[in-house]
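Each of the next two complexes has subunit A plus one other chain: subunit B in the first, subunit C in the second.
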Partner chain A sequence: MRNDENTIICRCEDLTLARLRQLIAEGYTTLDEIKRISRAGMGPCQGRTCRALIEREIANLTGTPIKDQPPAKYRQPCQPVKLAAILGGEPHAKDS
Partner chain B sequence: MQKTADAVIVGGGVNGVSIAYNLAKRGMRNVCVIERDYLASGSTGRCGAGVRAQWGTEMNLRMSMASVRMFENMNEELAYDDDIEFNQGGYLLLAYSDEGFEQFKKNVALQRAHGLEVDLLTAAEAKEIVPHLNIEGLVGATYCPTDGHCNPFKVTDAYAKAARRLGAKIYTNTTVTGIRKENGCVCGVETTRGYISAPVVVNAAGGYSQDVAAMVGLEIPTYSERHQILVTEPVEPLQKPMVMSFHHNIYCQQSPHGSFIMGLGDPTEKPGYNIEASWQFLQEMAEKITWLLPPLRHLRVVRQWAGLYNMTPDRTPILGPVDEVEGFYLAVGFSGHGFMLAPAVGVLLAQSILGQETPIPLEPMNLSRFARGELFHEPSVV
Partner chain C sequence: MIETQIAIIGGGPAGLQAATAAGQTGAQVLLIDNFDRLGGQLVKQTHMFFGSQQQFAGTRGIDIATKLAKQVAALENVQVMLEATALGIYEDGVLLVEQHDRVHKVKAERIIVAVGASERMLAFPNNDLPGVYGAGAAQTLMNVHGVKPGHRVLMVGAGNIGLIVSYQMLQAGVEVVGIVEAAPTIGGYLVHAAKVRRAGVPIYTSHTVKEAYGEGVVEGAIIWQLDENWSPIPGTERDVAVDVICLAVGLSPLSDLLWQAGCEMAYVPELGGSVAVRDELLRTSNPEIYVAGDVAGVEEASSAMVEGRIAGLGAALSLGLGGETAFKHLQEAREQLTALRSGPVGEKILAGLRRVEREVATDA
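Entry: the complex of A and B
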């Protein structure tokens, strides 16, 4: 197995570095496009780990520095929250 | 960028790429799609991904039934190197009034007459299909097992790749800024990357269709409206069908990936282009869904967003040529169900543009229906 095949970029959605490189090579060259085609950044952590890694890999492979890449939108809620907690029926604790 | 084309399609949503593929497949050499941002960046990439044939007007019914058949074979038809993730878990539609249930009976009669496998259910039967459904006040339901869910990014990607293989060109990050016409015929489009002359221009601009129509001096009765939606963390399979209540104006489906996707229509929403998500939606959604499907209260919301419905006065799309400008075609006003119709829309528009006979007549869906006063009355929209 190649090294990049067991390097996980998005832990929530199991995107490997190999797959990410393949997607960039196919022409998905922005964070938003990669998110939408691969689900990277759509899991419980909402991209907290993978965003920066993906942006760096795009920069490496396309030559577009991170500061010139279109930023992807941050969406609410900023932390996963139970529907019951939104209704106030249940405390919102991290480990609940 | 190229200087001429046989047809220019404005908008790289699912409908734009479906039309492009179908034109190229039918032999049109020089087709191009112009997309302001990236593919599926508009409504397509923001939609609930639901696919159903349970409609109340013959046109929506026939187009959606044809589309379901195309989704079933799409990976093969488009030789897709990935998977469009079409999952047919059914749609359970709920009626909370005798009136609503009477309408369902009419819908089912029409649907069966067209060969759709669909059942009229009592509240108890509905609960057998979705055991965690709260049936308080429920009068009855309908269920169609071949309805379901499909990945809109992948469908768009599949059409785009197939269209490109057939020679179509897709320009992203390119905006159409004007459309030129001469003697009542379109002659080309101005873009941020130059002018392309073309005898055919297709307006597939989703939430911006009215703006693109205005570029040829055409006023169309479409307008846009924000619709909000959320998704939860993925969990074990719990709910097979989409559950939809026109009374509560909500829908909720577990995607094949395990997450629950749910949205609602807000009758107080004003026409406009706002696509920001609001906390009010989160509150209202939580209230309604935990009443209807109580165990979902334990699920965590991971993300909420919004997109535009491009609405028409009769909540039915406007498709085909227009009398006012030759060479200008519309595929607009999908009123919240334009993802599921896209396979049929692509075929019908391509045939219409190429002067071929369409298996489903397009005239009733033309823009001129509004002048003629021949509107549809689609009863089944959230």
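Entry: the complex of A and C
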């Protein structure tokens, strides 16, 4: 196995360094593009592990420094939440 | 819908001090934290702090957490929500909070985001083997839950976190076989480095992890040396048998909520990553939102405490609360912050701040 095939970038969604490099070579060169094509950053940690690693790799391979890369879109909720919690609505005054 | 004047997200050193400072002006304050006790990362800091007397120098972090939480508890106008997670800030300024599988909408006139930072990861082969930990996570295991992370540890990173966690591992009876640091010099304070060196732990500067190995779990790591351009030097590999690899390679500000709130952001490596542009009172380009602590720029608990005070007082003053007394306390806090940043480490922080500090406040 090549070294970058067992280097994990997004451990929530199992994105390897090899796959990330392949995606960048195919023209997916922003965080959001990588996210949409690979699901990186969409797991339980919501990109807190992989985001900085992906930005660095994009910078290494495309020459675009991190500060000039378009930022990812950050949507609510920023932590996983059970659907039941949202469907349950707000507690009524008497039980809160 | 919970209505309050000032909502503070994060009950670490910054959020606690923000709650006290804002609460003392008479403001209605809601302090939200996702853990079951207040203190943030302070609760696992078993070592004594440096810094200045006002920021509890000579006191252990965990005892500082207790003191700060007591100050908050003494204020009747400060409500605390524990085990509560801020899920998002929406276009209408509503903050969504989940607590015990129920959601709450919070409408506050001001929100102070003091959520801290997350640990950075490192890309190397087999970095997903069980036994690869963030140093902060290993510290939580030991000092909060009383569980040793393993028997033999390789620490990656000789900043203060790497050095302090290494020392605390030795105290817990865990062998630390070495600390590798990619930079040519040790990043943390010399006193911390001297403590682990006296205990016989080697620090390999200009070294990094080449790979981890093991069947199903970490059984060892290969480290190698870096040249002056940070490129690895073949032939310098060294095999270390360890069951834990601990990563202390920096922190990233947890800026999700600030992006959602539409705050103007800037990427500033000196401050750890993307941080909100803010004025001297830590008010962001969204006039309802303030920042304090590591989310405003990765620094230290002592400066986080002072930033918390500044943001708390700034938010209260912007609502017409606190008056002359709050203004005087604000000036004192700003002087303390300047003093804390007067050392060589402060130089880097100040350089970063010059790129994000500007006049942003408008009338809310």
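What we mean here is this: the second predicted complex is superposed on the first by the 86 of 96 C-alpha atoms of A that agree within 3 Å, B and C clash if a C-alpha of one lies under 4 Å from a C-alpha of the other, contacts with A are read in each partner's own complex, and residues count from 1 in each chain.
In this text, a contact is a pair of C-beta atoms (placed from the backbone, for glycine too) under 8 Å apart; a residue touches a chain by one contact, two chains touch by 3 or more.
Bear in mind that the values here come from a model prediction, so they are computed numbers and not experimental data.
If you put the two complexes together on subunit A, you find that subunit B and subunit C both fit without a clash. Contact with subunit C, but none with subunit B, is seen for A:Ile8 once the two complexes are overlaid on the shared chain. Shared-chain residue A:Glu33: touches subunit B; no touch with subunit C.
Of the two partner chains, both subunit B and subunit C are touched by A:Ile86. Applying the stated contact rule after C-alpha superposition, one finds that A:Arg75 touches each of subunit B and subunit C.
Shared-chain residue A:Arg21: touches no atom of subunit B or subunit C. After superposition on the shared chain, subunit A has more residues touched by C, the comparison being subunit B against subunit C. With both structures placed on the common chain, the touch criterion links A:Gln46 to subunit B and to subunit C.
Once both structures are fitted on chain A, no C-alpha atom of subunit B lies closer than 6 Å to one of subunit C.
In the superposition on chain A, the residues of subunit A touched by subunit B in one structure and by subunit C in the other are 46, 73, 75-77, 81-82, 84, 86, 89-90.
Taken together, the subunit A residues at the contact with subunit B in this complex read 30, 32-33, 36-37, 39, 42-44, 46, 73, 75-77, 80-84, 86-87, 89-90. Residues of subunit C touching subunit A in their complex: 1, 85-90, 96, 98, 101-105, 118, 120-121, 123-128, 211, 252, 254-257, 259-260, 265-267, 273-274.
Those residues of subunit B lying in contact with subunit A across their complex are 38-41, 45, 153-154, 157, 231-234, 257, 277, 279, 282-283, 285-287, 289-290, 296-305.
If you check the complex, the residues on subunit A that touch subunit C are 3-4, 6-9, 11, 17, 46, 48-53, 57, 66-67, 71, 73-79, 81-82, 84-86, 88-91, 96.
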